[in-house]
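Note that chain A is present in both complexes that follow, paired respectively with chain B and with chain C.
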Partner chain A sequence: MTDSADPDTLDHTPDWQLGKSHRKVDAMERMRGITRYTDDIKLPGLLHCKILRSPHAHANIVSVDTSRAEAMEGVFAVLVGAELPIPYGVIPWTPDETALAVTKVCYVGDGVAAVAAIDEDTANAAIRAIEVVYELLPAYYDPQEALAGDHTINPFARRGNLSKDVVLEFGDVESSLDEADLVVEGEYFFEGTTHGAIEPHCAVAQVEPNGVLTVWSATQVSHYLHRELAKVLERPAHTIRVIQPPLGGAFGGKSEPFDLEFCVAKLAEKSGRPVKCLYTREEVFYSHRGRHPMRMRYQTGFRQDGTITGVAARTYLDGGAYSSFGLVTTYYSGQLLCAPYNFPAYRFHSTRAYTNKPACGPKRGHGSVQPRFAIEVQLDKAAIALDIDPIELRRRNDIGPGGETINEFKIGSNGFLECLARVEAASSWSERRAKLDYGRGLGVAGSTYISGTNYPIYPNEMPQAAVQVCLDRSGRARVFSGANDIGQGSNTMLAVIVAQELGLELDDVRVLSADSDLCPVDLGAYSSRITLMVGNACLDAAQKLRRKVRAAVAKRFEIPARRVTLIARKAMDLEDPGRSVSITEAFQWAEADHGLLGEVGNYNTPKDRHGSYRGGTIGASPAYSFTAHVAEVEVDADTGVVEVKHIWVAHDCGKALSRRIVEGQIEGSAYMGFGEALMERHDVDPDHNGVHIGPSLLDYRMPTFLDTPELHAMIVEAPDAQGPYGAKEAGEGPLHPSIPAIANAIYDAVGVRIDCLPFSPPRVLAAIQDRLELEDAGESPVFKAGSRGRSDRRSA
Partner chain B sequence: MLRLPQFGVELPADIAGVIALLRAKPGARIIAGGTDLLPNLKHHLETPETLISLAQVAELRALDERDGVVQIGAGLTLTQLSEHPRVRELFPSLAAAAGQVASPLIRNMGTIGGNVNLDTRCRYVNQTQFWRQALGGGCLKSEGNVCWVVPGGRNCVAAMSSDCAPVLISLDALIVLIGADGERVVPAAKYYKADGLRHTVREDGELTTQIRVPVPSGPRRSAYVKWTVRKSIDYPLVSVALRFDLEADDVHAPVTGVTVVVGVLGAKPRIVSKLDDALGKKLSDPAVARIVSEAVHKQCKPLENVPYEAPYRRQMLRVHTRRAIEGLVAAG
Partner chain C sequence: MPDALLSLRINGESLHAAAPAHWTLLEVLRYRLDLIGSKQGCDKGDCGACTVQVDGQPVLACLTLASAVQGRELRTVEGLAWMPAAARGCHPLQDAFDRWDAAQCGFCTPGILMAAEALLSRLRRPVVNAEVREALAGNLCRCTGYTKIIDAIIDASEQMFGSTDGQPT
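And now, the complex of A and B:
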């Protein structure tokens, strides 16, 4: 734990590194194209692995005959599911998938067998030579149909096709709704989206001469991969080394083990050669673990003044064939929604079902992006019904800092009101909103997100994060961290903290991360935990070193240590700034006094910030970020095309350690949510054997530069006592309001509610035409009547 | 990454060399930019033993104007075509269409000859071999013998998805083919066939060498309208080429001729008929936009062969046609 009460540590010169716009520590390599990603790893004798996948959505495996493949020239090893029968799962309570299918296949794309061959073409030919006899089973593509169906999809499921069911109630919801002046009821559907990281999953394995198995993988959770490899391969963990090379994007899509990692490891053991597997783009879609489709029914009670009286939610989650993080997702779909608005009473009932589809899991904003859409549209509907400005309605429900949510989570700092004020001002909301013509609209939404979870995925009492920092006599620092830099900039964040504490430039800090042989364990890049947790651990280690260096300088300057500061590659007397020594010499003095300069830092979460009920730990975080968006849209009433012109995003990240990276996370999040709102669709086709509707980047439409709105990122800083220098998360929270802000802006533009994602042109056009019919029949007021000529539009 | 099938590559230096190779190696495929062919090969829609590259055939990359005809070498890239000053001046709808194909990177590689010969596309065809196997064993255009778009259909209705083809038809362009028997010239309007498996009249032994577009003999307004979900990369979902010949160089002048060609229906672009009611009316007369867009809507029936619902696309044909005409009028 950091000891911020130590007066020796309180002399920061805050603007030395903190809050500046840094170039990421790996930026130049990436920009010059010399970064070595996992697929760039080439080893002598490397074999290539291909995985045979099921063309059926649901079938028993009657037999697998690999003899023809094994006999092929250039084939070194063949693997079938029965050789790795131990089930795994990133959540220890739900191990329900095997490296390859053993008895049955559960979706189109499920892995059945794997080969390692001299090259990719030979491997592809070999998997085609494997003969699998299937016995087809009825497939389920809808969660409620699956729950009612006779056939159990997942071979390890214990309750039919029920994956998880959570009911939690806080306060008296029924009377809160009964007593409300207004109850808004809505049904919402989120169709499902995937991550679309540019780098496909890739893994390489090699058994070293000393018997250690090294696995390089494009993963964002090296440690969980390490654990599951040990389990499934039945190999002691100390004989496995996991290395995460630089990553080309992840977004949650690489946050658990996948079939390819087990396959290359086992095939390397079997063949004695290094083995690589690189997914095709199609396989990336099949591995999925993207956002769950959710069908959500919401009732929200309001008083006349716009304050919420209670919320009731009923949600079905379409889980796909495996659990993945689904247990957590099911909780998150209810647990993460109790801020930034005060819910006096709240009930959610979330049910996750298995279906014959690629498994769903965590995508940026895990679990709460879908219900956030519903909640924020509910608020907007209430604002219209009660004739209250939607921003003002949100202000009136602000939960504020320092309190507790209805589900007993402790809120620390909270900059939500400032976020609202910033987007309100930047978008000229008050001046413009009422004046926008038909077809043009502004919408607002808010959100909160966690900065890591209080409890690790597997129960243990060890620190959640640990970092080792060493200084050397050349004036440099080395940081050893298990954290996975997935492009979010965590390596840079560590360098900033060390540079800040030790007076270094970022170039003086070398961060070695995510190599299980060299670095302390970290739990990985998920739930937006790294800045807060690993940052705190790093700060702990860096401050210990700082004390040693300052003491050594103070001794030689013959001044108290508190007068020594480390800044600009110098150790300096604060009261006589002309008196200084180079940081290199200062480090040498410290090494002379203390021996080799190395320290470890630890961080563990506070254990008093969660609910006292079963499930009350899930979703509790040391600190919460807050976000507000205003989106401006232009809706073409003849075509249903929605163009998002601007998104103003204000995000409370506590403290921006590195400004440009935070802005990048804010913009990237808003962009991702915008794409999900308007065009992205991950689904299978029930009418065509459950094939994916288009597993390619041509058919899965992610917005291009030309489609992307102007994104205005604004940093709000409400420092939280739990975070390093007050920092909270910035990588996932800013996504949440994207979708509902756009939905609400569409309403503001043309007076229609699109409660079903994505807001595709046919869907928007149909809603507009439905409204026009009602208007023509006199059953609905004419929306924005003053700014539109009706007749010409009908002629379309 | 998907693997290409193995093939040999020939690099002839001139058109004659290409023709000789086409004859010597039946089944060989011609490759210029490769932006259509290579993805199709990765999807194992075909597995030619030989690709005949046009990379060295410089004579395909000329653009000349002769006797009232602009002769566009088939090897010009779409970027070159869309930026060519003379093309922009004489054939703005062609420059617009070429400039809207896919993305800048693809236009830098893809050629006009390739775009004219773009293979037909279908949501059930342009997928991986594995996907088509999971679908139930491909279709008429791949490994199977069924049609997933028209149940029971025996004729492939994969969509002609070239941005330039409807425009070239609307401009009375001619496609020049050279084969072992010499040159033949086919009007663009007769170049396409309603068969998704073989949607052009080009023979296997022939090379598209040139596209000839007559210089307008009188005042004209033309437009190309494309709608797709994204503003870059995507193939068209709505694709309409329009040409109005006018009595004088003024949008208030009477219309003397009108040609409208619609793509992305079946395998063949559709030349919209029964537009005579628009003749004699001023282009700026709202009746023209109404008559033409209604005719397009009536005669063009999109199929479920590309993404986004066919009824929606049909509705959009009307909207976008009307808007394109209104745009021409507004531009003066």
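And now, the complex of A and C:
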């Protein structure tokens, strides 16, 4: 955290850069079409790689004959699975996939062989010339069927098709439900969704004459890729350089190694030429690692006043063919839910199964978006049953700041009540909700999310984040960071911190990131860790430099260092603001006193904020963000079409270091959740041998400009002692409430519960018709009876 | 298949390339002329990241045969910087996108800029939210939720053609 103990740093330079709206450090060159993303890299002699993929969902590989492909003119190297047999996995405890299939294929799209050829057409012809003989096996498309099935899908699985099973219980759940005045029981299904970054995965590899392998990849986890490349290629890590070029979106979809990275590396070794692989859009859909389908049964107990007595959850996760992050996802599906509401008792049992589908993994809001849908709809059902305003019911259950969750996670700052108040006011909830006619409705939901995880993916005692910062006698700063800027603006965040501490403009700061030869290790862009962790490391380095610069100025001004501040490209005497020197000269004085100005900064997580039980570290974070949404919908009761008109989002990010970037994260999150609620389905078709139902950006319905509602982003700041200047995450948390807020708004509009995603017109229409039949039969009260009711019933 | 010799007018320059006759404009731009600003997101006309202008109209370069646009005036994102409306190597749309943080990852941005420029050049007046949504419905963005892009385009149109109340800004 900032300054506290050092008397030399007790000046306050507020609002020089913090919280302003900045031009991002790297946006203009992207807009001018100059930035080179991975697919834009040109190297002399570059070969093109294509991967032959399985047409079968589950089959043993009897033989692979590559002789025809190898004999083709223009083919420089061919690769089969047996050449890279070492299993890998982003989670060190579950290495269960190989670069290419060795003995069997586990889903339609599994890679079997790869070629490097002079151009794409030749590479495509070559993979078609590879002959594979398969022995078909029964395929499983449902997790519970897979668990009961006789055939083990994953060749490295140790417990049949059980990928992970977690049961954790806190407090006496049975009595908490027995003693409740109301127990809401619900079964929810979250269909899978995928990331849909507009840039497809791409990797380029080259082996230098001195033996160094360079891999450029559109990855959000350069360091984990580096580790797995070393393992699978059986190369010392220092002979591999991993570079993440500017990235065209990720959202969790590029947060582990993929087959193309191993294939281009090995093919570059074999051919002696640089090799590139660019996924087709279809391959991106099959590679997936998106949100797990989850079937969730929830029981929530309430007292008459709306307070929760206890929660019990039983969840099945459909994992697909490989583990990916699934061990963590299985924990997260229960562990991340114990705020913003106080659960006096809680039990979850989550079971992840392998199926013959594209593997699921982390997507923005990893593991908790699905159960958050269930929990928030449960709360809404209780609010209706108990006749309590849904926002008020949430207030009554607020866990507050500074406490501990039932699963023993320490909560720091908590701005959830302010989030609720902001969306309540902005949507005119109180005035409008009771007056909206049939077909129009408002819904609310809340959530929390982590700002990084307390423990890294592989156990080690090194820093979780480290940054180097150098100052230059021309008045510039350079930041070297291993962190992956995936479009979320983390390079700009680092520049803001350095500019704030050193009195610079952002234009004066150069950020060099995600090159394993030039930058310190960072663990990557996942679990919303960068602002808090890398930000703290950067602040550490920047403050060390700040002290040197201030000392050098103080010496020459003959004043105490605490009177010197750095602001607006100047070093200034706080007590005599007319007395100042340009920052360039101040840097030169400091370089004269101290030598070349370079510092490293480190960050490590506190190790006292997690649970004391097995699994109690998974999901524990240094700080938690909080969010509330109100969604406004219009439902066409004759067609079942749901139109979301507005989403008001208030998000507690601790402290917005760069205002527009935070707003952009809030808006992008709300948009993405909206798409999942109404439109998006990632699934395979069991009746067609497990092929994807629509692996294109036309069939997979991502919201367009015309579909997307008006998004109203509101920043709430409850600074957390763990974050740099109090900052917490903003990139994932604000997605969570979108889906349940829309579900609850649909209920408020037409009186039906859609507990199954997405809320497609046929599903909504069927629910409306069911309700009308019950109303006609006198088995259900008329929804919004009277003047607000359905236009065709008002006279009745 | 023998290469075809192509003569193209791009961003006011005459450029020549030899490329397979079946190549799309996107392939020729990216792989022969190294104009890498136009992006390939889907290669089948679904995402709009490859949008360029042909005689001022927004066109999907991944669905356009390069040989079919010889003799036409093509403009790519690289050419925005020296259009008459640009100043100091920056078109007002680019400047507005930069101020509004309308580009997050920036991968869809070149296509969106070209579609937006075509809209502003056609209307030559400040635009409103619904017009932008309609004109850009064929361009997907996965990062922003579109909000800041709409804000930026409206802002740029006001910079270029005066504010909505008719007063120059």
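Note that in this section the second predicted complex is superposed on the first by the 782 of 796 C-alpha atoms of A that agree within 3 Å, B and C clash if a C-alpha of one lies under 4 Å from a C-alpha of the other, contacts with A are read in each partner's own complex, and residues count from 1 in each chain.
One rule holds in what follows: a contact is a pair of C-beta atoms (placed from the backbone, for glycine too) under 8 Å apart; a residue touches a chain by one contact, two chains touch by 3 or more.
In this text the structure is predicted, and so the values were computed from the model without any measurement.
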Which of chain B and chain C A:P762 touches, first, second, both or neither: first
First (chain B), second (chain C), both or neither touched by A:H692: first
Contacts of A:S21 with chain B and chain C, given as first, second, both or neither: second
Of chain C and chain B, partner touching more chain A residues: C
Contacts of A:G503 with chain B and chain C, given as first, second, both or neither: neither
Which superposed partner A:Q488 touches (first chain B, second chain C, both, neither): second
Touching partner for A:T639 - first (chain B), second (chain C), both, neither: first
Contacts of A:P734 with chain B and chain C, given as first, second, both or neither: neither
Partner chain(s) touched by A:Y671 [first = chain B, second = chain C, both, neither]: second
Which of chain B and chain C A:L706 touches, first, second, both or neither: both
Set intersection of chain A contacts, chain C complex versus chain B complex: 121, 200, 278, 280-281, 696, 698, 704-706
Contacting residues of chain B [partner chain A, same complex]: 1-3, 6, 103, 123-124, 126-128, 130-131, 133-136, 148, 227, 229-234, 290, 307-309, 312, 315-316, 318-320, 322-323
Residue ranges of chain A in contact with chain C within the complex: 21-24, 27-28, 30-37, 39-40, 42, 121, 195-200, 246-251, 278, 280-281, 486-489, 660-661, 663-664, 667-672, 696-698, 702, 704-706, 708, 710-711, 713
Of all residues in chain A, those that touch chain B in their complex: 53, 55-56, 108, 120-121, 124, 200, 278, 280-282, 638-639, 679, 688-692, 694-696, 698-699, 701, 703-707, 760-762, 765, 795-796
Footprint of chain A on chain C - complex, ascending: 20, 30, 34-44, 46-47, 49, 76-78, 80-81, 89-90, 94, 97-101, 103-110, 113, 132-134, 136-150
